[in-house]
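These notes open a run of structures that come right after.
One chain, chain A, appears in both complexes that follow, with chain B as partner in the first and chain C in the second.
Then we have the complex of A and B:
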């Protein structure tokens, strides 16, 4: 026993040292997140990019949040009441919350933030909040927001950057530089940023919902998909958002890594310019709808990492209609349709963004097979937007990140005044239904109206939807508890590292 | 020599003015409205118009140019449209990273080119010459992005010798900095080294056929000493010229390589600025790059004298 005692003491010391090292490592838990781009702007009023939200959602609490079922849940607003006419929202703001600069978060900070969203020059939030008529502080932790007209999508908007509450003191002090020194009340505090290199956040030990177990989040941009996955597999990143479909199999095969795919709100569709030939002709559009094999599209272009979709509302979103039907895939019928209309050999140009090449080639192949002559034209985002906004294209492929409410999900594309009306829609039936839906306060009736619009657009093949996007992330098995919220932005507060 | 240097520097002023005009004009020719791009897909026309005014894009183009030039003369390159940071400051932060990458790449290139070019010339027509020629042609033909990905795959993912990508400043952690820079430096250095190998081979072959080399050999000077002391030094003059001319290749290589290895340098800055139509940053980066090319060709001119005492400046 005695002889064993000496080595035991050594062993004990050794284990103590190891456990100290391990606990030291646990204390210094850092998670590195590989993003596809450098987040351009961390000021919620100027942020536009998906990569921004990956960071801003950690720094700022929002008035409300979404759960995995897309239910709106309390965040900074602990409860809310909506008046019977749908024009007044009274929000109770959480007490005892402090910003990272030490100032208290109260109703006045909420009023300041919403006012900043609405009035600051160049605010990208103004449109989302355009239904606001007035904001009043009615108590230290009570805010009343009145609207011009009922807007059932209003709360959903507050779950995004429009509802991200900033520290008024910090925002005033930083002015236009606020994006470089952001201050919110979220679970992580902005620590440092080097453009094109990293954004580093540190845990907020005083977070109202408990300090996060991860000590440090480092967001690194890896624009190239191959490099992103190489970083994951070589330990340079713990998670990559997104992973490219072609890398899914190799990542799953690697020990210690996993790929998680979950439904997003977004879709990809073939959008035709209805204002000029050839797609002003319903027969030509029908032929397009008959020519598309969505299962093959999902398999060939996206390695089956997406879901075939026929309408604007994926199954996990309000407005989804299980009875909606689109023309079945039938290339013979498509050719016959074109032939009957005397449109065999119809030529057109398919305008695409650089990342849609394979997707574009798929459409080119299936449409050529049924008798179209398709030329692909590739353009960078800048000139692309000029062309589609001015309806100077024949057809284009649109990828949409999606919104949880059916109004922002669909209105911009098909209403005459929609800001993404790249089909040149000008249809009184559609406009009437969409406007009625905006004013409708009964949720069931409202959803019915959106189903009616979707049916109209699909029946007349005005837009041909192809697939529902999936959020696909490559992740080290060390990371546990990532909430799979369909908007695709990871909330890191409750995530743990093994 | 000082007179020559001053004259040479003065002569660059009008050229630089033309460069500023080109930089400013070309950037304005980029399609797409920066205000529209900044505000994104859900922007309304009023917000776009406001932002255009705020950015000064609604002023006549010559007024914009004049204002920009006046600022440039005061070393003020404006502010980024994306995050309002000072362009001079951003460039100041990024430039050392790219200079470090360039120096390391040149080092790799020289370490490859001097022995390879020398061996190739001395062993002309023999198997070793053929092997070097194959290396050189492969190096010249292989695109940076392909070599970079290959290196990451073998040395980071498979062997895990070095990190795949990222950046830590040399001052903060020199060891990690070098481990992160080694693959990018090889990626750029191999192509550059391959070109220089070919130059050095050709130049050395010519030098080796000169009378003074034969004389030295006839006098009994050992072959290696003749090459190192006499031939190589003379053969380096055209190589120095080629080296100077490769700065453009180096910067071009840096743009792609920084993208692959996620190095926050000058090239990466330019790519991001172009994709977000960050006009002040694009202008600043291109202007500084043009000035760098002038500066290097100036230094190369001065280096001739060091390599060849027969050259004097008047």
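Then we have the complex of A and C:
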């Protein structure tokens, strides 16, 4: 503080200069985002991880986007028309959009991208877009997509990485290495990345929807939840996605920080291998369903930051069925069920990923209580996928980030051909209903079919759901205006920093 | 351990030497303190089912992460399990792994070292170069690698720690045998026509045993720490079996809000490792007067 009558000393001037410099840096507005993992791949066709989308959604515009109510809203497609038979989609592409490399985005770029999604070796988008029969450029900014069969989920798919439009010039030049030098038309431009350290994006001053107010986004991986929250509270990150439930209270208590929790589309469930003992026996599965106290699960494992869930469709998603019923929590009944089936003392191994240890021990405790003998086996993601994809497990805990459409939300887990069919489902009734739902164009009838599948799976306790995930982020109060879109990916374009 | 040759006084008076060593150990207050702490933990481990007030995996969802109280002397953990119970049962794991792995390492390492030192030649070269190669890798890194390869469970934890604990025993024993081998009593035994196995086991072994025992007590301290480290990393015993290392790992996230969760396993590890070191130092002083600080 300057005292009256004392002339400004050199030190004071110097400190003033420094503080001006510092505030100058603050004006540059860099936001550091702590993620739970280093985003594995920034190429939209190769991306499979949730963490990728935190970055790709800033670099690439998608054809359509979601709003906070999960309504599909225009993005690069300003409007769309669907033919009466549900087989033809005509998209009007936004004019005057340029890619970060200076090339114009037009209908041809959209055609190129969708074609790349469908044909490129190793594309993770091929399944999502498998209903496409043909893509035609019918005008400089008009694209017509035809489908093999009606697919009510089609537009929703285009709101994700499958609808992320890449610069054809850059994608051709980079080839398989495109993930390391991604070029899109989004509000932020890829600047630099160092594996396991950071991905840095800079504001796109020429963005069609106005330049973002944040100048720089730095994504940093902090796999350990404790390290993540420590970085938030010490200024190493301005926001962490996600924050662990146990750190919510202490972060809210810290001055200058807040925790934002909002409904996710995802869930966690106890998935049993139906192809072999002990869970090929409906009585054993019923005992599991009767043994689970979902309120306790939410409280013990997630500090009550999540909501109990009994089926595949949370209340904020289509397919939700308020009348769906699962067996009530009743440990005595569960024990009686096992006993009646002569299955008291049934042994099995619960396969879990390392970050699910507490969750796994919860299931172990409640199932031991009713007469199971549960061994826990932890496995890293690589070998874990190897085991569950080949159905060499008894049971496992599955976490799902969720999709807005009931088809991608559920089909992969319970259809015989589903790519996440870790229960070994092979049930004609389920397959038939799911296939009928894919072809059904009437939204209400379609939703009814998904409810029927969900009821079937829950009635026979083929999967036992536990809780609906929440998107929980820890954030500095400097950051304002984060749109709370249930898919859990922050769109940084409209966010401001105080 | 200092592998340099240590001269043994008057080898013929083995029994009195042992008796005198034991007497000296019991006069050493620090060593005795260590022994008492160890015996307490050993008693806890042996009598765990009797002492523990709760079941080891008995959860109580209405008392999560509770502070120490009359009902739960050391509080409860993240599933409402009694921390005192789990510390007591954890002693079983720590001591089993510590003693078990060192027993294997002692047996294997001493045997290899004795044979290498006594036989010499190519056998010595091969064995000792393998031991040197193992010693060139950091102890814990090698243990982690082995545990990860073998898979996480109790037997494999013991095996992994036993393997990495073996080289120091081999080197130490070999050095001892090399220096003893040239002494008159060994020469005499050979000159009288004793078979080499007899010379090695009846004459040399008793004279180097005290050094091996000192090394064993110190190696046990390291093994207990190694078990905690492996369990901390999820490579030791699997839940719900309690291990002090895994208890530390889960309580790490609550250090700011429920610090007592980390105190109990942390103090238990500290006490056992300290006690083993005190006993080791006491044994060294008792059986090797030359090393005793004056």
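Simple rule for what comes next: the second predicted complex is superposed on the first by the 471 of 498 C-alpha atoms of A that agree within 3 Å, B and C clash if a C-alpha of one lies under 4 Å from a C-alpha of the other, contacts with A are read in each partner's own complex, and residues count from 1 in each chain.
As a working rule, contacts are C-beta pairs under 8 Å (C-beta built on N, C-alpha and C of every residue); 3 or more make two chains touch, one makes a residue touch a chain.
On a predicted model such as this, the values are computed, not experimentally measured, just so you know.
Of the two partner chains, chain C is the only one touched by A:225; chain B is not. By the touch criterion defined above, A:484 reaches neither chain B nor chain C. Of the two partner chains placed around the shared chain by superposition, chain C is the only one that A:365 touches, whereas chain B remains out of contact.
Here chain B and chain C are compared by how many residues of chain A each touches, and B touches more. Using the contact criterion defined above for the overlaid structures, shared-chain residue A:377 touches chain C, although it does not reach chain B. When the two structures are aligned on the shared chain, A:41 is found in touch with chain B, with no touch to chain C. In the superposed model, A:315 makes contact with neither chain B nor chain C. When the two complexes are overlaid on their common chain A, residue A:73 makes contact with neither chain B nor chain C. Overlaid on A, the two complexes show chain B and chain C touching the same residues of chain A, namely 226. By the touch criterion stated above, chain C contacts chain A in their complex at residues 57, 59, 61, 64, 78-80, 152, 234, 238-240, 250, 252-254, 256-257. For chain B in complex with chain A, the touching residues are 30-33, 36-44, 47, 50-51, 54, 82-85, 90, 93-94, 145, 149, 152-153, 156-157, 160, 163-167, 259-262, 264-265, 268-269, 272, 275-277. Contact residues of chain A toward chain B in the complex are 37-38, 40-41, 46, 48-49, 121-124, 126-128, 176-177, 179-180, 194-197, 220-224, 226-227, 230-231, 233-236, 380-383, 385-386, 412, 419-420. Against chain C, in their complex, chain A makes its touches with residues 225-226, 244, 246-247, 249-250, 293, 296, 299-300, 354, 357-358, 360-362, 364-365, 368, 375-378.
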